[in-house]
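Next, two complexes with chain A in common: one pairs it with chain B, the other with chain C.
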Partner chain A sequence: MQRQPVRPLILALVVAMAPLVFHLPWWAVGWCTVSWGYLLLRERQGWPAASRGFRLAVFFVGVAAVLLSAGLRFDGGDFIALLAVMAGIKPLEIRSRRDSMVTVFLAYFLTITSLFVFENLSMTLYLFVSVWMTTGVLIHVNDPRGSVSRQLRLSARLILMAVPLMMLLFLLFPRLSGSFWGSPWSRQSRSGFSSSMRIGDVSRLVLVDEPAFSVTFESPVPDADQLYWRGIVFQRFDGAGWYPARRQTNRRGSVGGTDLSRYTVMLEPHGQRHLFVLDLPVTADPVATIMDDHTLLARRSIWQRFQYHSASFLDYLQDDAEVPSDVYLQLPSNRNPRAAVLGNQWARNHAAPEAVVSAALAFFRDNGFRYTLRPDRLGLNAVDDFLFTSRKGFCEHFATAFTVLMRAAGVPARIVGGYQGGKWNALGEFLTVRQSDAHVWCEVWMAGRGWVRVDPTFTVAPDRIDAGIESALAGDGLPGFLGRNRGEMLARWTETLRQTWEAVNIRWNLWFMGFSAEDQIALLKRLGVSVGRQGGWLLFMILPPLFIAGVILAGRMRRAAPGRRPEDKALNVYGRFLDKMTRIGMPKAPHQGPLDFARRVVEQHPMLERDVDDITRRYIGLRYGHGAGMDALKVFRLRVQRFNPRRTIAAASRKSGV
Partner chain B sequence: MELHPQFETIVGQVGQVVLGKEEQIRMALTCLFAGGHLLIEDIPGIGKTTLAKVLSRCMGLKFRRVQFTSDMLPGDILGSSIFDQNTGAFVFHPGPVFTQVLLADEINRATPKTQSALLEAMEEGQVTSDGKTRGLSAPFFVIATQNPMELSGTFPLPESQLDRFLMRIELGYPDREAERLLLGGDRAQRLALNDLQRCLSPEDVLALQKQVDQVHVADAFLNYLQDLLEFTRTGKHFHMGLSPRAGLALVHAARSWAFISGRDYALPEDIQAVLISVVGHRLRSRDDLAEIPARRLKLLFQEVPVP
Partner chain C sequence: MIAAIARTFYRFVGGNTTVPVTLGLRNIYILPTGYGMLYLTVVGAMLAGSINYNNNLGFLLTFLLGSLGMTAMMYTYSMLYGLRLESAAAVPVFAGEAVDVEITIDGIDRPRTGIRWFFNPAEHSREDFRSGEPAHVRVRAWTVHRGLFDPGWLRIVSDYPLGLFQAWARINIDLQCLVYPRPVSAPEPGTRTSSAPREGHIAQTAGVDDFLGLSAYQPGDSPGRIHWQAYSRGRGLHTKTFAGQAGRGLMLDIEDIQGDDMERKLSILCFHILKAHHQRRSFGLRLAGQLFPAANGRVHRDRCLRALALYGNG
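Our next item is the complex of A and B:
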C-alpha cells in the first residue's frame, strides 16, 4: 500500500475550516493548528506514526473538551466544534486510502457546515473554491502520481458539470416552509434590539456598523421623515430601563389611510421575534402576527436571515375606540420628583393633550438640549438629571424624558423602539438600514386620534431625521465610520464600493437565499404543475422518481462493483489478507498473481508457508475455480480473520531463538 | 512449479535428452496440448531438432523433418500427383506434411509461396491438391525453426503468418552445468534418445487436448485477459494491439499451461507464464516497428494489475 498524501489532505481541511475560525472556540482552533502542524513536521522529518493508544487518548481528550465547553446546552455551534476537533485528529491516523477518503469527506462536511453559519454571497463564492480544492485532493488521493494542475483542472470541470444539476435541485428540490434547521447553529450575541431597553443601550448600538435589514419597495419610496421602522413597544418603566407589555394580544384597532406602502424586508438574524415595519402596518406575511400595539411578531426567533413582505399606511388613521389602560401612565415611585412636578404643572396649565405635547417639545427646544452620543453619567433620578442638569443625550434620553413627562402630566404615553431612516442604495434600488440607524421615539394617546407619534429627538436635532445620523452627530468627534476623518475621495470610493457590494448581496439574498417553499410552488405553478403547500407533493412527485433512480443506480452498482457474488466477495476477503501482509512489509505488486505472491511471501517468511498457501489455495479456488459455494467463502473468511502473520513470525523466531 | 504427474514423466524424459531446458520443454508441451504450432527461433546447433524428435517420440507420434530451401516448391511439402502408367491414372504421393509432428527446419529459407502452402495446412488441418482435399492426421503439430541471424537469401515470415504460430520460443544456450553434462556424456545421450519410452499414444494426446479445452476460465481470469488486450490496444508502446485471435491463443495456451500444472482452472499466473511466448511475435514497438525484447515486454505487461 502506498503512502497517503497527508499534506494535500490537511490543505483541504484548512481551506474548508478557514471560514469557521471565528465561530469556533479558540481552543479548537489551537487544537487543529497543533495537530496539523505536528503532522506536517512529521511528514518532513519522517517521524514514526502515532501509536493507537496515543490516538485514542487524543480522541477522548478532544471529545471531553467539546463536552466541557458545551455543557448541557449542546447546540449547533458545539456540533461544529466537535467536527473541528475530529477534523483536527483525523489526519493522525491516515494510513490507507480509505482513511484518506474519509478525511476528504470530512472536509466536504466542514464545507457544508459553513453554510449553516454564513449565508452571504462572498461565503458562497468561497465555498465553491473550497469544494474545488477538496475535489482536487479527492482526485489526488486516488491518483497520487498524476499532475496536480491537471487534477485541479479536472476538479474544476467536475464542478462545472455539476452546476446544471445544482440549479435543477435548487429549483425543484422540495423546500420546507420555515426554518429547516430548527435549532440555531450558533447563538452568538447578535446586535440589535433586545426585549428590554436600558438607557444607554441605543447609543451603544449606534456604534455598530452592521446592516440590520434591507428593504425593497414595491411602491414609491417614502420620504426620509416617514421611515420609522417600528419594532418593539415599551410600556413599563422602572427608572432605568423600559420593558414591553407582559401580555400582548393580536386584537388591534383597525388602521386606515391613503398612502399605502408595500415593501419586502430582508432581516438579518437578531435572535428576537420582533420584525420591523413602517408605521403602521396593515398586512403582514403569514409568518408573523400584528399585535395590538401594531408591532409584528414572528412565530419564532430569527436566527437566520429572514425575508417578509408587509404593507403599511404612512398616513395612518386609527380606530380610537379603546382608551388605553392605566399602565401607560405608570411611573416608578419615588423617582424623578422634579420631572413629576413639571408634568403636573403642565397638566394644570393645559387641558388638551396636544397642548401638553407642545409644551414639552418647546421645553426641549428652548433649554439648550444637545444631541450627542456621549451623554454625561446620570444618577438614580436619571430623568431629572438629564432634564435639569446635563441636558446632553441621545434619542433614548429624549424619548424617556418625554414619556416620563407625559405620564406625569396624565397623558398616556409609550416608547417605540426601532430604526429610523436608512441609506438608499441607488445601484440596487433598495434601502439599507444599519444598526447605527437605531432609534427610539414616543407615542402619546390623544382622544379621537389614537396613538400619535411624537419624536422629541426631532425637535432637538432635526438633522437626525432628515439627513441621517452621521450628519446629526457631525462634530461629535466620533471615531471610525461615524466620524468623517478620512480623505473625502477615499470615503466616496469606499462608499461606492460598499454600496455596490451591498447591491450585489441583496440581489443574491432576494433571488437565491430567499427562494422559499412558496416561491418554489409559484414556479412550479408557472410550469403547469400545481402542488399544495404541504409536504404531499414532496411525497408524490419527488420521492418516487428518486426511489426509482436509486434502485436503478443500486442495481448498476451491484452489477459493476465487486463484492456481491461469492468470487467477488472472495476478492474483498483476499484484500484483507493483503492488508495484513502489507502491514508486515509484504505488499503485493499489482501485477502479481496470487500464486506468485504466495511464493514470494514464503521465500521471505518460510514460517508463513502453511497459512499463506492455504489462504491462497482457497482464494484461487473461490475466485478462479468452478464456483464454490458460500460455505467455502465462509471458511475462507474465517481463515483470513484468524491469520495473524506478525504473531506467527514472532512465534517462529522465538522458537528458533530458543 | 507444480506439475501434473503425467507430464512430470514426459518433461523428465525429454529433459534427459534436451538438457537444462525444462521451461522450454514445458512450453512446447503446452503449445502441443493447446493444439497450436510452435516456432523456435534460435541459432543452429542449439537442439531444436532434438527437442522436436524427442517430443514426438515420447508422445508416440509420427515424426517427419523437412529442411526448407529456397528452391523448394509447395508440392515438395504437400505431395504431388504422379501419373501411374500401369493404372493410367494420377496417383497422389503424399508429401512430408502427412505426419503428426512436422519439423520445418529453417522455414524462412523457403519462398513465400512454399511457406504459405505449409501455413495453410497448419491452419486448416487439411491439404488441397488437384482439387481434392485430404485431411491431415490428428494430432498435427508443426515445429518450425528459423534462424534470426542469417538474413541473406531468406524470406522472413510476415506478421500475418507469424500469427499462425501459437507460440514462439527461444531455446538459448544451455547453462554451464547442462552443457558439461552434454559434452561429457555424448554417447550416453545418444543412447537415451534411442531408449526413450513412449509415454503416450496419439489417442492419449487427442484426449488430453480435449481435457485442456475443459479447463475452467473464471470471469476474473477473463477480466485480466481483456485488461491485457486492452493494454496493448490503448497503450502507447505498441504499433498495433493484439487481435482477437491472439486473445484466443492466450486463452488456449493459458488453459494448457494450467492443465499441465495440474489444475482444472486457469489463473492469471497461467497467462503470465505463456504471455511472452504467445504475444512476443505478434507485437511490434511503436517507435521503430521492431520486435520488443522479451525482458522489456515482461516489464511493460507488469503495468497491468491483476484484478
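Our next item is the complex of A and C:
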C-alpha cells in the first residue's frame, strides 16, 4: 500500500479549522494539537501506527467529551466541536487512499462550518484560501509523487475556472425562503438587548464594541438628535429591573407626519425577535409585525444577519389618544418612598403633565447629577439612592428614576430600549450603530398628544445625543474606553482603517449576504426572464451542460486560434527582440531576413555579436527547425528577456574607451 | 450483468477504437468514481445546510465545490482528449513471460499527468508526459501460451487531478504478438549433420571459437560478432567469422524427440535452437511439412522460433 501524505492532509485540516480556533472549546483545540503534533512526530521518527483498539477508545472519549459539554441542547457549536474531534483523530488512521480522501472531504466540511459561524467579508476571502489549499492537497493525494507547488498552482487554476459557474449558480440557483428543520445554527448568547433590563445592563452592554446593525438611508439622513432606534418597550418595574408587557397586541391606530425617512437595516444576529426602527415606524417589511407600543417583532428570533426595509415619521403624530391602562402607573409597593413623595408633591403643585415633566427635568439639571459609566452601588431602594444620595448614573438610571417619578406623579410613563445615534461612514454612506450606542429613554403619555419621548439623559449630558457617547464620557477617565483612546494619531489612523473596512464589509453584506429568493426573482425579471419556481429549476438544469459546452468551445477556439504553436510564439518573442533593436536605432527593414539583419547589426555593433547571433540561431531553430519543444521556447524567451543591447554597448565602450 | 450492459453499450456507441486513433468525444468515456459519489454527497449535504440556514456564504462554498467538481471532470477528460496513438509494436517473447507493448503517442500539446495504461488492471504503467515531443509508453501483458497473443483491449485511464471522475478509453491496438514456446531443457535429440555444406568438413576439427577472418557485414549478422574495432576506425562494418560455424550443422527434427506432448516437444526444440544460437553453431529445423536448412544468425533463429510459435495453427 502506498504511503499516504499525512503532513499535507494535516495542513489542509489546520487551514480549514483555523478560523474556528477561538470558537471551539479549548479542550477540542488541545485535542487536535496533541493528535496532530503526535502524528507529525511519528512521521519524522517512524513510530508504528496506533492500534485499532486504541483508536476506537480515543474516538469514544472524544465523542463522549462533546456530548458531555453539549448537554441536552446540541446546536451548531457542538456540531463543530464534534467535527473538530473527528478531524483530530481521523489522521491517526490514515493508511489507504480512501482514508486520505475522506480526510480531505472532512476538511471541506470544516470549511463550511466556519462559514456558518462567521458571515463576513474576511471569511468569504478565507473560503477561497481554504478551498485552494484543500484542493491542492486533494490533488496531492491522487498524485503523491508530483510536486506540491505545481499542484497548488493547478488547484488555483481549477478554482479560477470554476468561479464563473459558481457565480452563475449563486445568482440563478433556485432559492427557497424557508428552511427544512428550522433550528438555528447556534444559540450562543449574543450581546444586545434581551427581553428584560436590569439596572446596570445597559452600562455593561455599552462596553461591547460590536456593531449592532447598520443602516442605509433612501431618504436624507436624519439629524443626530432624531436617531432614536426603538427596539423594545418596558412596561413593568419590580424595583430592580424592567420587563415588557405580558401580552402585546398589534397596532390598531396609525401614525401620521410629514418627515418620512426610508431606510434599510442590516441587523446582526441577537437571538431576539425585536427589530430596531426609528421613532415611529409606519411600515415594515412583511417579515415583522408592528406592535401596539410601536415596536417591531419579527416572526422568528434573529439568529442570522437579517436585512429589512422600514419607514418612519420622524415628526410623528399619533392619531388617537386613548388613555393608557393603569399598568403605566404601577410601581412596586414599599420601594423608593422618597421618590414617591417627590412625585406626589409635583402632582399637587402642577396640574398639567407637561409641567410635571419640566419639573423633573429641572430636578435632574439643578442637582448636580453626573452621567457616568461607573455609578455607585445602589441599595434595595435603588431609585431613592440614585436620586438623593449618589446622583451618578448611566442612561438607565436616569430613565428609571424619571419613569418612577412620573408614575408617582400620576403621569403614565414607560421606558424604551434601543440605540441612540450611530457613526456615519462617509465612505460607504451608511450608519453603523454599535452596542456602545445602546440607550434607554422614556415616554410619557399626554392627553391629546399620545406617547411623547422624553430623554432625561439629554438634560444631564446633552453631548451624549449630539456628539455620541464617547465625548459624553470623555471625562470618565476609563482607561482605553472602547479601545479608541490610545494616541491621537494612531486612533485617527485606525479609525479610518476601520471605517474603510466596515464600508467594504457592509457593501458586501448588503449585496452578497442579503441576496435572497426575492432578489433572485427581481434579477431574473431584470434580465427579461420571468420564471416561476419550476422555471428556476429548469434554468439550473441547463447550467452545467452549458458550462461543459462552453469549456469545449473555448478549447476548440484556443486550438484554432493562431499563436498557440511554439513556432508562432517564437515569432512573438522575436518581435520583442526587434523592438529592443529598434530602440537602439537598428530597425529591421522588411526585406531583411533574420540572418541578414544579424549580420548588419554585428557590423554596426560588434559587441552585440554573441547575443544577436545566439538569439538569431535559436529563433531560426524554433521557427524553421523541426520538433521544437516548449522548453526550447522557454529558453529562447528568457534569452530575449535578458538581452539588453544598450547596457551591453555601454559596458563594452567603457571597457575599451576609458 | 454489469459486463453485459457494458458490452451492449460499447457496441452501441461505436467510434473508432483501432490504432491509429485519436482520443476524442467518440471514444472517451467518463464516470464519477466512488469518491466522486462521496464528494457529491458531501456537496449535497452542504447544499441542504445552506438552504436550511439560508446562508449565502454556505451557498457560495457549495457552488464553488460543485463547479470545482465539474471543472475537475473537464480536466480529467482533457487528460485523454486529443491524445493520438500512432502505432503499437512488441518484441516476441517466450510463453509465460511478459510482453511489453510499446505504443507511440503523439498529440501531447500540453502536459498530461497521471494516465494509466493497461491491458489488465493489475499491471498498469503510469506515465506523465511533458508537452512537446512524441512519446512512447510500454504496457505490459502476461502471456501464457505460445502462438499469436492478443493482449486484448488497451485501457487508457485517468482520474487526475481530483480522483472524483474516471475517464477511460478502450482501444484495440490491432497487434498480435508472437509468443515462442517456453524453452525446456532436455538432452540433445539424435543429431545428424546436415548434408548441404559438405565442404565445411575441412574446418570441422577446429574449435568453434577459432577466428577465421572478417567478411563484409550482412543484415542479420549477430551484433556480437561485428568487428567494432574496425568500425570505430572507420573501415565500415565487418563481421568476424569463426571456424566451425559454417561447418558443423545441427539438424533439429521434431520427429526425433520422444513423447506425445507436442507443446513439450516444441519447447525442447526451442531450447536447442537458443542453445545453438548462443554457441554460434549453425542449425537447421525440420517440422512436419517445414524445413529450415542449417544456417546461423539472428534472422535464421527468429524464423525458426516463429515457425515453432505458429506450429499447428497455421
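Remarks
As a working rule, the second predicted complex is superposed on the first by the 519 of 658 C-alpha atoms of A that agree within 3 Å, B and C clash if a C-alpha of one lies under 4 Å from a C-alpha of the other, contacts with A are read in each partner's own complex, and residues count from 1 in each chain.
Following the convention adopted for this analysis, contacts are C-beta pairs under 8 Å (C-beta built on N, C-alpha and C of every residue); 3 or more make two chains touch, one makes a residue touch a chain.
Remember, predicted model here, so these are calculated numbers, not experimental data.
Residue contacts after overlaying the shared chain place A:Val635 against neither chain B nor chain C. In the superposed model, A:Pro590 lies in contact with chain B only, and not with chain C.
By the document's definition of touching, neither partner reaches A:Ala491: not chain B, not chain C. In the superposed pair of complexes, A:Leu571 makes contact with chain B only, with no contact to chain C.
Applying the stated contact rule after C-alpha superposition, one finds that A:Leu125 touches neither chain B nor chain C. Once the two complexes are overlaid on the shared chain, A:Ala554 sits clear of chain B and of chain C alike. By the touch criterion defined above, A:Ala49 reaches neither chain B nor chain C. More residues of chain A lie in contact with C than with the other chain of the pair chain B and chain C. Once the two complexes are overlaid on the shared chain, A:Gly625 sits against chain B while remaining clear of chain C. Overlap of the chain B and chain C interfaces on chain A: residues 627.
Those residues of chain B that touch chain A in the shared complex are 216, 218-221, 264-269, 272, 301-307.
Interface residues of chain C, counted against chain A in their complex, comprise 35, 38-39, 42, 45-46, 48-68, 70-72, 74-75, 78, 81, 113-114, 130-133, 159-163. Taken in their complex, chain A has these residues touching chain B: 567, 571, 589-596, 620, 623-627.
Chain contact summary for the complex, chain A toward chain C: residues 97-98, 101-102, 105, 108-109, 111-112, 115-116, 119, 123-124, 127-128, 131, 135, 138-139, 141-143, 146, 151, 154, 158-159, 161-166, 169-170, 173, 175-177, 179-182, 184-185, 304, 512-516, 544, 547-548, 551, 555, 627, 629-631.
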